[in-house]
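Order as written gives the chain letters A, B, C, D and E; numbering starts at 1 within each chain.
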Amino acid sequence: MNVGLEHYLTVSALLFALGLTGVLIRRNLLIMYMSIELMLNAANLAFVAMSRFTNNLNGQVMVFFIITVAAAEVAVGLALIVALYRKRQTAHVEDLTSMKL
Amino acid sequence: MIENLSAWILFLPLIAAAVITLFTRRSPSVSAYISIAAIAISFLLTLGLFFRLGNETALTVPAIKWLSVGNLNVEIGFLVDRLSVLMLLVVTGVGLMIHVYSYGYMHGDKAFSRFFASLSLFTFSMLGIVFATNFFQMFIFWELVGLSSYLLIGYWFEKPSAADACKKAFLTNRIGDFGFLLGIIIIWSLLGSVQFSELQNAITQNKAALGALATVAGVLIFMGAMGKSAQFPLHVWLPDAMEGPTPVSALIHAATMVAAGVYMLVRVFFLYTATPAWPEALSFMEGVTALEIIAWIGGITSLLAALIAVQQNDIKRILAYSTLSQLGYMIMSVGLDGKTAAMYHLTTHAFFKALLFLGAGSVIHAMHHEQDIWQMGALRKRMPRTFWTFLFGTLALAGVWPLSGFYSKDEVFVAAIDGNPVLFGIAVLVALLTTFYMFRLFFVVFYAPEKSEGASHAHESPTVMTGPLIVLAIPTVIAGFFGINHYLSRGDANAHGEHHGFVDLLIGPFGHAPLAAIMGLAAVIFGFAAAYGLYYRAKQDPLPNMMRPVARSMRNRFYFDELYAALINLTHEALAKIATGIDRWIVGGALVKGVQGTTELFGRGLRLAQTGNLQTYAFIFVIGLAVLLFVFFRP
Amino acid sequence: MPNLLSFTILFPLIGALAVAGTPASYRFLIRIIAIVTTALSLACGIAVFASFDPNVAGYQFKEALTWVEAIGIQYKVGVDGINVGLVLMGTIVAFAATAMSYLVVERVKEFYLLLLVMIGGILGAFASLDIFFFFFFHELALIPTFIMIGVWGRGANKNYATFNITLYLSAGALITLLGLVALYLTGNPRTFDIEELTRQFSQNAMPLARQQLIFPLLLFGFGILVSLWPFHTWAPLGYGAAPTPTAMLHAGVLKKFGLYGLLRIALPLMPQASQSWVQVIAYLCLGNIIYNGFVAMRQRDLNQLIGNSSVAHMGFIFLGLASLSLVGVTGAVMIMVAHGLLAALSFAISGYFYKEAGTLDMDKMGGFLQRMPFVGSAFLIAAMAGCGLPGFANFVGEAMTLFAAYQSLPLITSFAVWGGLVIAAIYMLRAVRDILHGPLPAEFDRMSDALGWWRKLPFALLFLALLFFGVWPRTLTEKIQPAAQRILEMATAKQPAPTSTAATVAQISSTAPLERTE
Amino acid sequence: MNASLMIVEIAVVLTGLALLMLDLWLPRERRPQLGYLAAGAVAAILVGSFLWNPGTQYAFNNSYVIDPLAMFFKRFFLLTALFVLIMSVDFADRIPVGVSEFYALILFALSGMLFAASTNDFIMLFVSLELITVTFYILTSFQRHRVRALEAGVKYLILGALSTGFTLFGIALIFGTAQSTNFTEILSKAGILDSKLFMLGIFMVLVGLGFKIAAFPFQIWAPDVYQGSPAPVTAFLAVGSKAAGFVLLIRVLFGAVPTLAQNWNELLIVITMVTILYGNLCAIPQRNLKRLLGYSSIGNAGYLLLGVSAANAAGHSAILYHLLGYLFTVIAAFFVISIVTRQAQDEDINVLNGLHHRSPLLAATLALAMISLAGIPPLAGFFGKFLLLRSVVERGGSDPLYWALLGVALFGIVTSFYYYLGVVRAIYWSKDSAADDVPLHVSGIVRFALFACIVGMLFLGIFPNSAVNGATRATAGLSQPAGPAVAAK
Amino acid sequence: MSGYDIAFYAFSILTLLCGVIVITNRNPVTSAMFLVLTIVCMAGLFVLLRAFFLAAVQILVYAGAVMVLFLFVIMLLDLKEEALRKIRKVRAVIGALAVIAVVGIIINVIWNSVPATTTPTLVGATAPLGRLLFTNFLLPFEILSLLLLVAMLGVILLSKKDLK
């Protein structure tokens, strides 16, 4: 069996699952955020594979966009986390429950 | 034509009531004059109507179309025939006397105007029943009579006993009216009309028109009479109704209103000629007719009331039970197919019982509202006019020849002897008891030594009160000589043209039914003898010592009030408690509050998901997603 | 230029605007505005009633204005025999309630504003011939009710009562709304116009499946609004807490909206469904008459008693409707009018008692007739009318419904007669006995009767109207009868012969959405 | 490429840039006034947009579309931003630094929404969505001296990024299966719905949109973020961001895969039901005003989803109408809350006690807003819910599932009375008044905005004709395929 | 198995392994470092897919810029190792089930309905990519520039030391 689209997509899905698991099990905001980056990368992989196997370059343009957006998002996100850390001296999610119910 | 003035007979008292309520509340005398004038004019017009009727059976009077929807047509009509004219005479005649008497009796009462307004309202309602050409109209005025009775019994409403009594009277009547209305509804649904003439035609043409419901409908209609005429088992309200002013007791609870039941039964007697057709399942009821039930109820009531009367000490209550007993006679008579006899007795009874009540009122007035006969005594000398008129009343009630009561009671006996020997026996026993308790009362009040200060300082009442006594004493004595029964039955074709001489009338009873007449007189003699022996000079009641338990039961009215109280507690109060409980705890509580509470609880529960913890949020996000994915993309 | 009927609705709303523009400190002026506008409305109502011609088929005083053309909503009003009496009754009660509003002393401006809006909504609801406005006006009247109970209400559990009545009635209204929307979508072409819908469905009966869908929605939606058993608990609770004018208007007029809706919409448009639901209605109405009668017997608070008795009276109206006969339906409309006047009178009196005595606990009261012969007598009259005494309009209506219902529902009717004659008498007379009769407790020595014709007017007006229709019922029945006849002709129609059996089966079993491919 | 079609967006972006420039020349204390400039510009653009009637045109390789629907939402967003800017000026004293940036960010978010309104391509969808989302991360935590603001920002950030991940993965699947990301092309691809992978892709895109509109099970962020954000941002989030989600949802579901919208009725119904229930039930015991509105916004997302579930023309126009009513209502509510909480430094319902005495205008506005939210005539909320319910009844036929949906919707509406009227109660008949009975000062322009909101609520409720017509016209272009049941007939 | 296949499996397994370490290692710095490795391995997969330009961008932007930023922040905040915590079993099971369900279904769908593919000929060269970017995708590109501006503003506002 040749390596085909489904193989790439499977890898991508597994990577996506890893990211999801990370969000669920980690309590450190930064690591959670890194896990989300994993998910974005999974999407990137899917795009590139799709692009390759359907002979459509648009997918690669999309990946380009995603990387840009991810960069922007990371910048904002990290700034936020840092700001919060300065205030609360913590980056752990269970400490961030001043608003609930 | 004078019959076209029938509406005035009916509405004059109403107008009087309205005028008094609206304008003359603050001038009592004017109110009284207006009220008296209204009933006097009504009486005169009735007399005119009587003479206009002459030998005719009925007159046609244009009716007012009142309600007409679909096949429900109701008119306010004016039925003018012998039956109604006789009843009109009784109502307006006796009523006029009582109005006049009241002017004296009630003098100085602070709500004098209200009294006369209510009295006029009552007269209006009562006349409406008499004039009724259909069931619906009769029911309307039937209820209005109930209302006026309520108002008059509760006239001294600040007295708790009076307030309770009027409530009791109205409610007991309502139970009867329940049957009455349901009966009317059944008849309407079967025959499509409420008009007496149409119903009579329908039943005459087809005796089985009421089918399986004939007896049921008949008994239901009778329930109306049971309430108004205070028949067993709805008799309990009447004695309590004596809480009202004495003229009211005389007019409403002796002469007229309580007789309305009898009048109604006579009026709709054609219903009871229908043959019942019981359905297969109820074939064992075959042969049971409404009339039979009516007769027995009447008989039982008369006996029961007479027994209770023997051991009462309140002068008005004795008379009240006596009224019950006499009403029982009338009802029994109707049940035994003796409707003429019933009406006859009704008429004479109206006179002498009104007389007795007014006499009692006179006594009470003199005794400063003391009603216990064992506080009175030796009033014969101090109140001669009252004494004499009262004597006539007593004799008439006892049925002493040749007073009016003898003749009418004899007619009842005749009906019983023809119909049912057992009931005849009861009737004779009641006659005996009647004589006994009436003379017990009479002796204790007028002959026995005085037993209180009040009794020794009593004075004869003013003329405005004794006048009506004397006027009423006249028909009490002579009403038997007019052949009222013949006047009524002369309407029938077969009796037409028959003429009776005065002497024929005088001794007639001994001629055509000697057994009845003789038994009646014998009962009077025995009763009188017993009363004379026991009470002629009695200082206290010897009877309780002689027959303890029986007397106690009698004195306590055979415990009917207690029984009913228990019954109501067991049924309505219990159901009400259950319903309220359900309302509070189940419908209002478990359901409504439950739904609200559960909703809020769910809200509070759901809200717990909002822990504030980001990880939980992600968890919920993913779990929700997983569930949706699983449901919609499951392999 | 709007016609008389529109003016009947408009005057209170204009009054509301005027009140809104008046400074709150001009209390007297505000009161005058309210009274004058409701009086004008009353005059219009009387004029409409008087000039209504029962022999003309269809609606009179019609007026229509397009509102939302995209879905065909229009402001359309008109009266026929059914609602002409209700509008008149509404204006009478509205005037009386406004006149009784002197009992409210706090935040007068807001109160009158809400009161006038409520009145406008009530009258609009009864006059509307457009389903949407029919509902819209009802809501317009309902909301001020809630607010008035919440702000000016009394009693310890005022808040609970407010929320209870709000949630309950809103639920009812929304269920009704669903039914009405479904009804609108069933029309072909779709329309909110009641007249048009009636025309459509009298020509082609509504598919059975659709009837069985919409009818229960309307029945229970409206049923909640009318306190059909067992959805009644809001009524005594809410009325117990409501300020007097609000209770008068709601119990008297607004509550009839549900019944009016059933009669105007549910019965004629969904005949087969109506016929199949009649038994259910009949049994439920027995719940109202008997059960709530019993509950009323146990009440010791006058307002609770009146509230429960008013629930019980609704049973007779349902019974009349369930009879599906001319006499019964005419009687039902008659009771609607009569009970409106009666309920308003009862609550006006209890409000007055409360003002004078400071309590409505019947265990504490007694002998009031000595201190207030006028109001006391009025209460006696109301109690008597409440237990169906002839001479008052209630009797005529109740008797008619009972007469009519016996033919199809003998057993239930027998119980209803018991409930109407005996149970009603028990609780009404107990109230009279406890409140009016007996000795007067010393603490009530300072009470005074309604003095001056102005104070007496609302009582007298309601009482006289009750008496008028009781003594001359034909003034009302002759107007109702032709309209009721028309409604019944539709309501008792048999299932029309289907063009083919297969078509009917398809119609019934189809779960087709309401969309039509036109 | 007809870039002139983007004139509205360009104008907004230029305004934003101009603000950033002007900031440099203005003294600190004058900077808050820039908001008026921004508001004025937005107002001018709004007015201008009415003079421009481009019909239906496409640009940028069909990825951008101007049609009545787009124009409706563009005007909607402009109006929202106008109100939000006015509110922000009033709020400026509570923003310690970067007021002009705050205004500029609002404008940039607005431009993202404007693009979203014209989206006709999944790539555009992603990009405009990201522009909105990232801007909101910043706006949410703009008051960085408040821990709650930061906390809200972080929560929004993590969950937002999570949902972005799903959206992206979904777009990838769509791209791979449909070989295109253009809505119009996808619509014309026959048999694409046979691909389960494609459907999975759409589903995952819906996850992202569901997050934006706060639909179950992605609603969880809303209460915290609403509570933590500055009032103008919350208002913008509640109205603008939600509407953006809805316009994208409409475009995707009814513009690209209308048949799927029909086939997925069960999915949509279930989500709608749970969303309505969740929002309304959780709100019952809620005491914090902004949080309450957060739950309420979840409930309202549910109501709006009714129109999506109905998946018919009536449903589409009902969504638009209801959103319009929701705009005035929620903006009005946040105006009042923003003013009241400034003085009280607290957001508990208690701060409303005695508001009636302190400022009748504010009291009346908030009360009207609550009544409108509760769906009581004659206010806008009533007619909106009426139209939504109507669309479901129309679709439902005798299908029990739709009637269950209606039942739940009614239950939700009735339940919502409980807490909306609780607010009204606090305003008008609370027993103990707030500590100080100081009258609240309301500036002229805010007063004007409040009046505009009230007029909007009342006008939409009493004269819904023009708005309904507008909504109907705007959605007329959407495909209206016959429902499956009709096809079976 | 061709060399291509071997390379694919190698890169895939490496990517996933590194990913596992990212989410399991308790030391944030290690996590970040392994994320960089993951990204680099992915770049390898990109190369296998003939997306050379993207592979370069991936390494330059992602591994180079983004991850450095991450590391920088981790250092700045001086994050310690995450303390072990009690794992609530129910929660763990449900979470695991949920993730397995999500991924299982996705993979299942992928294998069941993967789109028909043609022989891959596409090469992700820079020139065609650039052409596309500035023609068909000009609008998203411009919007992204706006997004970057926003991000810049945001970062400055959120992290400027003294608030003026």
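One rule holds in what follows: contacts are C-beta pairs under 8 Å (C-beta built on N, C-alpha and C of every residue); 3 or more make two chains touch, one makes a residue touch a chain.
On a predicted model such as this, the values are computed, not experimentally measured, just so you know.
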{"item": "Co-neighbours of subunit D and subunit B - touch as defined", "value": "A, C, E"}
{"item": "Chain whose mean Cα position lies farthest from subunit A", "value": "B"}
{"item": "Comparison of A-D and A-E (more C-beta pairs in contact)", "value": "A-E"}
{"item": "Chain occupying the middle, per Cα centroid", "value": "C"}
{"item": "Far-end chain from subunit E, centres as C-alpha averages", "value": "B"}
{"item": "Subunit A and subunit C: spacing of chain centres that average the CA atoms, whole Å", "value": "63"}
{"item": "Subunit A-subunit B separation of Cα centroids, rounded to whole Å", "value": "95"}
{"item": "Centre-to-centre distance between subunit C and subunit B (centres being mean Cα positions), rounded to whole Å", "value": "38"}
{"item": "Between subunit E and subunit B, distance of the C-alpha-averaged centres to the nearest whole Å", "value": "101"}
{"item": "Subunit D residues counted as touching two or more neighbouring chains", "value": "123, 127, 130, 134, 137-138, 141, 144, 154-155, 158, 162, 166, 176, 179, 196, 200, 223-224, 286, 415"}
{"item": "Shared interface positions of subunit B, touching two or more other chains", "value": "607, 610, 612, 614, 618-619, 622-623, 625, 629, 633"}
{"item": "Touching two or more other chains - residues of subunit C", "value": "163, 167"}
{"item": "Which chain pairs touch, all of them", "value": "A-B, A-D, A-E, B-C, B-D, B-E, C-D, D-E"}
{"item": "Residue numbers on subunit C that touch subunit B, as the complex places them", "value": "163-164, 167-168, 230, 232-234, 237, 291-292, 294-295, 297-298, 325-327, 330-331, 367, 369-370, 384, 387, 389-391, 395-396, 399-400, 402-404, 406-407, 413-414, 417-418, 421-423, 425-426, 429-430, 432-433, 436-440, 473-474, 477-478, 480-481"}
{"item": "Touching residues (chain side subunit D, partner subunit C) in the complex", "value": "312, 317, 371, 376-378, 382, 386-387, 389-390, 393-399, 406, 410-411, 413-415, 417-418, 421, 424-425, 428-429, 463-465, 468-469, 472, 482-483, 485-486, 489"}
{"item": "Contacting residues of subunit B [partner subunit A, same complex]", "value": "607-608, 610-615, 618-619, 622"}
{"item": "Subunit A partner contacts - residues on subunit D that touch it in the complex", "value": "123, 126-127, 130, 134, 137-138, 141, 144, 147-148, 150-155, 157-158, 161-162, 164-166, 168-169, 171-173, 175-176, 179-181, 223-224, 227-228, 286, 291"}
{"item": "Contact set on subunit E toward subunit A in their complex", "value": "2, 4-5, 8-9, 12, 15-16, 19-20, 22-23, 28, 31-32, 35, 38-39, 42, 45-46, 49-51, 53-54, 57-58, 61-62, 65-66, 69-70, 73-74, 76-77, 79, 82, 85, 95, 99, 102-103, 106-107, 110-111, 114-115, 117-118, 120-122, 124, 128-129, 132-133, 136-137, 140-141, 144, 147-148, 150-152, 154-155, 158-159"}
